[in-house]
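Next, two complexes with chain A in common: one pairs it with chain B, the other with chain C.
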Partner chain A sequence: MTAVGNPACLLGGLGLLLTTAVVPFLSREGQLLPGVGREWLSLTALSLSGRFPGFWVLAVLALAWVGAGLLRQDHPHRPALWGGSVGSVLVLWLTWVAGVKPYAFGPGAMLALAICLLVLAYGLSQGGYIRADTFVAGSILALAFFVLLFILFPIFSVLRNSVMDAGGLRPGLLLETLGRYTALWRVVRNSLGLAIFVGVTSTLIGLAFALAAARSRSRLTILLRAFSLLPLITPPFVVGLAIILLFGLQGFVTSQLLGLKTRGIFGFPGLALAQTLSFAPVAFLVIASVVESVNPALEEASLTLRAGPWGTFRKVTLPLLRPGLANAFLLTIIESLADFGNPIVLGGEFEVLSTEIYFSIIGRFDQTLAATLGLILLSFSLTVFLLQRYWLGERSYVVVTGKPPSGKPMPLPRGLEIGLLAFCAAWCAFSLAIYLFVVYGGFVEIWGINDAFTLRHYRQLMRDGMDALQTTLILAGISAPLTATVGILLAYVVVRHRFPGRGALEFSSMLSFAVPGTVIGIGYIMAFNQSPFLLTGTATILVISFIFRNMPVGIRSGVAALAQIDQALEEASVTLRASFATTIRRVVLPLIRPAIISALVFSFVRSVTAISAVVFLVSAKWQLSTKVILDQAENGRYGLATAYSTVLILIMAAAIAFMYLVVGKRAAAGGLEGGGLA
Partner chain B sequence: MNRWWWIGAVVLVLSLAGPGGAQENVVVLYGSPDRDWVAAIANKFEKDTGIKVQWIRASSNEMYARIEAEKANPKGDVWFGGTGDPHFDAAEKGLTEPYCSPKMAELREFMRDPIGGCKTLGLYAGPLGWAVNEGLLKKLGKPMPQTWDDLAMPDYKGLIAIANPNTSGTAYTTLVTILQLKGEEKGWDYLAKLHKNVAQYTKSGSAPGQLAGRGEVAIAVIFLHDSVMFAEEGFPVKALSPADGTGYEIGGLSLIKGAPHKENAKKFIDWALTPETQAIAKDFRSFQLQSNMKTPLPAVVIKHGVDFEHVKTIKYDFTWASKNRDRILKRWTEQIFSQAR
Partner chain C sequence: MTAQANPQAARVVLEGVSKRFGQTVAVDQVSLTIEPGELVTLLGPSGCGKTTTLRMVAGLETVGGGRIYIGDAEVTHLPPNARDVTMVFQSYALFPHLSVFENVAYGLRVLKRSEAEVQKAVRDVLELVGMPGLEGRSPGALSGGQQQRVAVARALVMQPKVLLFDEPLSNLDAKLRKRMREEIRLLQQRLGITAIYVTHDQAEALAISDRIVVMDRGRVSQIGAPGELYKAPGNRFVAEFIGEANFLPAQLESAEDGWAGIRIGPQRLRVQSRPVAVGPVTVLARPEAIRITAGGDGLAGTIQKVSYLGSSADYTVETELGPILVTDYTMVGGVLSTGTTVRLEFLPHGVYPLPATP
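Let's look at the complex of A and B:
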């Protein structure tokens, strides 16, 4: 027993007291710290208490904690619990009321909130509300706070804008807006029709690939695995541009090879093709994991009972794959609904929700309409997301089970195997041709018009594109370790601990996967462009959007890796009196190292290729490569755009090759799964 | 508690004025013309004045949306270029503020103060016209179009590309040109006929030029300086102006309201209107007529014969265009765009 009654409260109280007295609670917009001197002092909580009496309450709370800390008590968690909850709410409220233009939240507000949350965590842990020590409880609270602020709050801001205008809250506004927007049914039909079509084609192609890769003895399978990487490292627009140049009115295939004169590629056909190319690999990864986990004993039994190879395949294997197929189907639907890069290049007059949101902001200057369409798109994605989670359950998520298969996988029927391999080879060749065209486009004067060899696009890239490339790599590099940390920590608390609100925390953290990027983008602008949380125009907002967009990658890798590790290992460590931190550092982290590295690499890759959310968030000081590519493609400089894309593809291919070298094939594939899904 | 406000304000002013204060020597430039041109402008301003430039490029509509989204906390100082309409709208909505630059006297009269009150200044102007793929028309055995009426002939069905006015300032200029040239009622009839011939409505204003250049369509309705740009870039298109008259755009230059670096922004505006600055536009495939009377007209434009001297322009009423924007777009979308082609 320590000499004082309640060390947590004492420390918390002293810390809070110090914070209120000397650390500036607010800072001026756009600055981390106010200038040293009188401005600094004028912004501490104590100085502000003249204007906002609420700050006195904070100071009183700090004093009360110091007092409680010195007394011996029967229930030391109670002051921590109550004080912590009151304090956290109080700090948030004070930030809200005091953080008005030109001031925004400052270091003091963050510090005070951190202290209150920590003391609250101590209270929750000691009081047995969370069965874990203060560190875990603190992590849970911090994660919950971040998820609230950076995922739920922006979504809420979008929803609020759809029912609120200058006249205040009006639920009828939603209907008015929809009545004004006459294209609604067409757009909704387009979006859903495209998504379902692409869901079907991607799932079928994914199934063909998965069967060929898992069940064929051909060497081609390595190629199939490599193929699954392509869409992950493809910057947006690339596939769309290549398709126009191959299949447009003057396209290489349509015009030169087939002699057709058609512009049919714009709209549904082109979009369906581009999205299938992009999302079939995602479906492949999901289905492959299910194919691999099918127990061969069942198929052997069927053969023993005199069913032929075809009958076995139809009656045993395929039904076993059903959950995997459904999962792949729903995931591709979500991806297709959220897709922005392809429709903006290939859509023509075929309008879909994700681009209509963008154009209602930049074309019609109508934030209310954007918010309303965002709400509609969100409700579709969420419905599918919920179906996927609760109807299919979670079993199909686990890829690397760690259990060895209990027999040799069955070979496919001969005819089927040959057919599948031929189909897959053709599809791979087609994808490859598209990518070769992209590389080629960077080396000719004007793609499709003047095919003289030139290096001028690369020279211009070296001259003008390096700033944005550097910014992109630096910001993606900063966000990658943070994403991995947040994601895996979240996976850890969700998998290993039971606490109230666990399901809600997990669900909302995976939400950022279901929410389309354009919706998140406008949400961030609406939520973080004004006091007290002023972040627009900074690099911070880009890093934060990367972290919370890509966090599901880390969570997926973490959950999959942790599921393989028996909890007994950690219990043994704890039994041997290792502290929690030591257990994490010496036992858990080494075991999930592959998951950490794959989360790192994939969050990096996904940050580099992000466009839909960040197109609203880039600023004069912080520009990203994908935005530069969009600008150049918009002005018809396909050469420069493709040269830039080629460089990005090479950088990301190098990052993934590095991961394979470091963590080995199996773990990398597990990470891939996470990368593809999220 | 008014006292604290005063103290806060004094502290604020002191920190602004004091050495090492918050104000850095930068200007935040929001540019809407060609990306390379904006980049060159930023470099040149840094070199000429020592003031650091942070810049971003986005189309004029996108920039308008950004400035509106940021109005509670403006991040940009000056909005350089891009079609005038969004500049005018921004001025009407109070997103930008008037600045009467001392350089105004040197500007061509029609660009000096396009909507009055120094709300936005003219940076450049360019007439509307076509980019025509002559080779494709010849191959199809169709004549070159001469007037707007020609474009509505059944001959050109499926051969015309134009931007969607809901997302593009260029296309809105086209609508207004037709309505002002032919009068409202005849204008709407004409637009309905033209609609039957359109192969594709694009989202961005200059994209039709590419479609014509690549032979996806034969005629693109775009600004003539963009036609020249595509031709110079190596696309097989010819810049043509309608014989019966055409409208034009004025590129705006506006001071953003609440600009964080207002003094530098004013310096930038004065600097951007000098002939030395404006002369570099042509090096970045931007062939508009620059607003300063002393800025020479690029030889290329004269070569293509589409300078203001050789193009028949109508008296384009910007104020009318701005005031009727919502009505015209609504009517076009509902009555014309929704019809089958």
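Let's look at the complex of A and C:
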């Protein structure tokens, strides 16, 4: 068959030609655009071609595309495919070699890359490599590029910094660094021991809650569900601060009730308590979904086979929950290893990996050590993550979660039910006390020393904390729609399309579940504080870190929502001549609206509460609330820290209440799962 | 055929089209030409690759090998929205968030037709499928049959070059299914549209097709008009899949162009045949073309099993050639009981020597 001309190549070629001629390929570090005039012109691809002949190749490619665009040809996708691949790689390579101090990537590089990827997308869709149009192929390429740049490249940078210093690449550096870091074994033992301990306690408590919530006929169960929301609206230091207020040197329980003067809560006991409080709700969510999916017929069968309620519970129900328990255990371990907020305020002398990474950068200015410790932490988290994926068989997002089986679930044995309810009620009361103490702490002059009521902290907050709060809300507000877009688009292409590299894309995007925030944080500094990708100190990097840290929220919501939609609807739309973009706009989006809203709200909430990654990325100009709280808490100014936390809790409770109002309970609960598990 | 000449109707050609999913070969070297205005059915058991073939024509599945042409153009790698092909889905796939009217109007709106044009085309096509007056309803509020009509209307309104059906009736009850298939056929003939229709129901295929493509494990087993496939199946699979069949060992004694003299048990008869070598053969004997007699010199047997079906009775008769299924539509002698010894007479129009299969 013949095709007359090749519009994609023609347009791409002309665009690329224009870009190379007049758009600055590079710009000065820290600036978006070079100054108009001589500097502008000296930084276009064409001007740079004197020093870097590679730019000539780019111009030749553009001309070749124009040529191909005008000619009749049998296979219009071929020049697009080849040119697009070569061009994309070339642009990246040129950015790398030419973007050296004091220059970094500029608008021309971005534009040229976008053009090459678009033409490549056209080639892929027309060549039948992706059963969709240029829009979908382009989305896939763009997502792949972003995942590479903002998830894999930072991780790679951590790896690189652990074996490379000013003296160049030295694999021995890793051992050398570890050799001079004498605390290594203690820190590793602390981290792993704490994670396993918290894994066990959280799983047990989660199990108790899940059984009580799913199987008890008591009204109390509604309370248990609400309990699952707590960690979502909890800023990172709240639990830690409350524990200090309760059990610290001036603690309400320790000092006032018992008359002790002890710092004993700092370290393992406080951390274990704080993390269990923080992560038991996550375990609860995981186990509850498994409890609900147990087919009641199995238990009924056991009862008809003469097993009593206890026997059935022990021999049928519990074994069926085993995968859920394992899953909750492993997830909690990942969370505990990654936790930064609790150890930083409660750790005391008890060092863990995440805080040691922080202190290597902030205190010792030792990037190599930070990278090495980051690598160790990452390898633990990834091991557990892979265990969870492959051992428990939760291989991909694209596991359609089956409908809960119908039928009435078996009630718990009476004694067990009462015991569980009593325990859960007590635990809820304790959790509640935590929050009350945090709120209360904001109104007290100096905790434990001067108990007079005061609004001083709130006044100070109004004076000093508003900038950071505003920045936080604005940046979280900007990143929420972007996160939802990226996450849901990724869910869409991964669930609905088959293309080479789909598995890899899915896996890499899932990595952000597993990579601890501190590791991503140092990865971002190492990857983006130097040419050609210079971003540190900007608001952009904060937004980007929000997007790629929270992307799994969007993905989870998107996958769950898409699983509910018959794919034939989209197929009907495209056979009715709609493009894929139109199909998404007119069919998919209206049908997954609740998922979009919950993704928006949860990514907003998670951005507001983020600390572990952004603690490395904030700057004097772009300060975030959580970092302000951290600074206050580190200096023992608990009044201001708790006042600030209270304000954040209120904001997030409002956001979540808004979501419940807009999308209703079911969708909100779906999003909750996404938010809680991510 | 009775189809009017429809200038839109296009020829569809599949040239050695293949598709695999991992290790499974779903479609294997399917070649096929569908003439303009023809309704061709892809028939075969579940999993034989019918849907996959159809979806490759629609562009919803990448083509693993071979080429597809619609009209004069190769469309092998074209995305579905560039093909001018519409499809009626098994689940109907009506957009739940749009009214009946907007469902049907969807494609026209995508093409940015004028409002007046959309209004007229949608009302006309809803009239055509016998669904006037329900434009404002939501699809969820319609019965299965009505949803089916809306789905057909939505596909028709685009005046596609080819109309595809993927088991469109499988979600309807038996009575409605029969009526809908007649309506679909009438509509298709009246409009002279090229149509490809997928079903696993042989009765449906026989009733509505110009030609049937019988598929077996991803391959084309036989292509032919309904009568041809029933009377002269090319192989045992086709014979078995379309209608009921007995396979009996027989002796081919003479063959001349188009006819064969064969002997089944004691009976000699002259039947239509494609060229087959003299010697032992397997013959297909349709159960309704075997007469049960009390005496005579037919094949002797004993009735083993009786199923009374109202308008007919099915007998399993044990004979020296093995068990033979006989369907009696006359039941002149009443229903026979098990244990009765009978004679079987084969009627030439229902007996066909099968070509030796490799």
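Note that the second predicted complex is superposed on the first by the 655 of 678 C-alpha atoms of A that agree within 3 Å, B and C clash if a C-alpha of one lies under 4 Å from a C-alpha of the other, contacts with A are read in each partner's own complex, and residues count from 1 in each chain.
One rule holds for everything that comes next: a residue touches a chain if its C-beta (ideal position, glycine included) is under 8 Å from a C-beta of that chain, and two chains touch if they have at least 3 such contacts.
Just so it is clear, the model here is predicted, and its values are computed rather than measured.
Model built by superposing both complexes on chain A: chain B and chain C fit together without a clash. With both structures placed on the common chain, the touch criterion links A:R170 to neither chain B nor chain C. Of the two partner chains, neither chain B nor chain C is touched by A:R459. Between chain B and chain C, more residues of chain A are touched by B. Here the apex is the CA centre of chain A, and the angle it makes with the centres of chain B and chain C after alignment on chain A is 170°, in steps of 10. Applying the stated contact rule after C-alpha superposition, one finds that A:T575 touches chain C and leaves chain B untouched.
Residue contacts after overlaying the shared chain place A:D133 against chain C, while chain B stays out of touching range. Of the two partner chains, neither chain B nor chain C is touched by A:K315.
Note on the superposed arrangement: chain B and chain C approach each other to a least C-alpha distance of 48 Å.
Applying the stated touch rule to the two superposed structures, the chain B and chain C interfaces on chain A have no residue in common.
Residues 1, 77, 125-129, 131-133, 498, 566, 568-569, 571-580, 582, 586-587, 590-591 of chain A are the ones touching chain C in the complex. Of all residues in chain A, those touching chain B in their complex are 28-31, 34-35, 37-39, 42, 50-51, 101-102, 182, 248-250, 263, 266, 344, 348-349, 359, 361-365, 367, 445-446, 448-450, 464, 525-526, 529-531, 534, 536-537, 616, 618-621, 623, 628, 631-632, 634-636.
The residues of chain C lying in touch with chain A in their complex are 58-63, 73-74, 76-77, 79-81, 83-87, 89-91, 93-97, 106-107, 110-111, 154-155, 158, 164.
Against chain A, in their complex, chain B makes its touches with residues 1, 4, 7-8, 11-12, 14-15, 18, 20-22, 28-30, 34-36, 39, 54-59, 61-62, 64-65, 68-70, 72-73, 75-76, 89, 164, 166-168, 199-201, 203-204, 206-207, 209-210, 213-217, 230, 233-236, 260, 333-334, 338.
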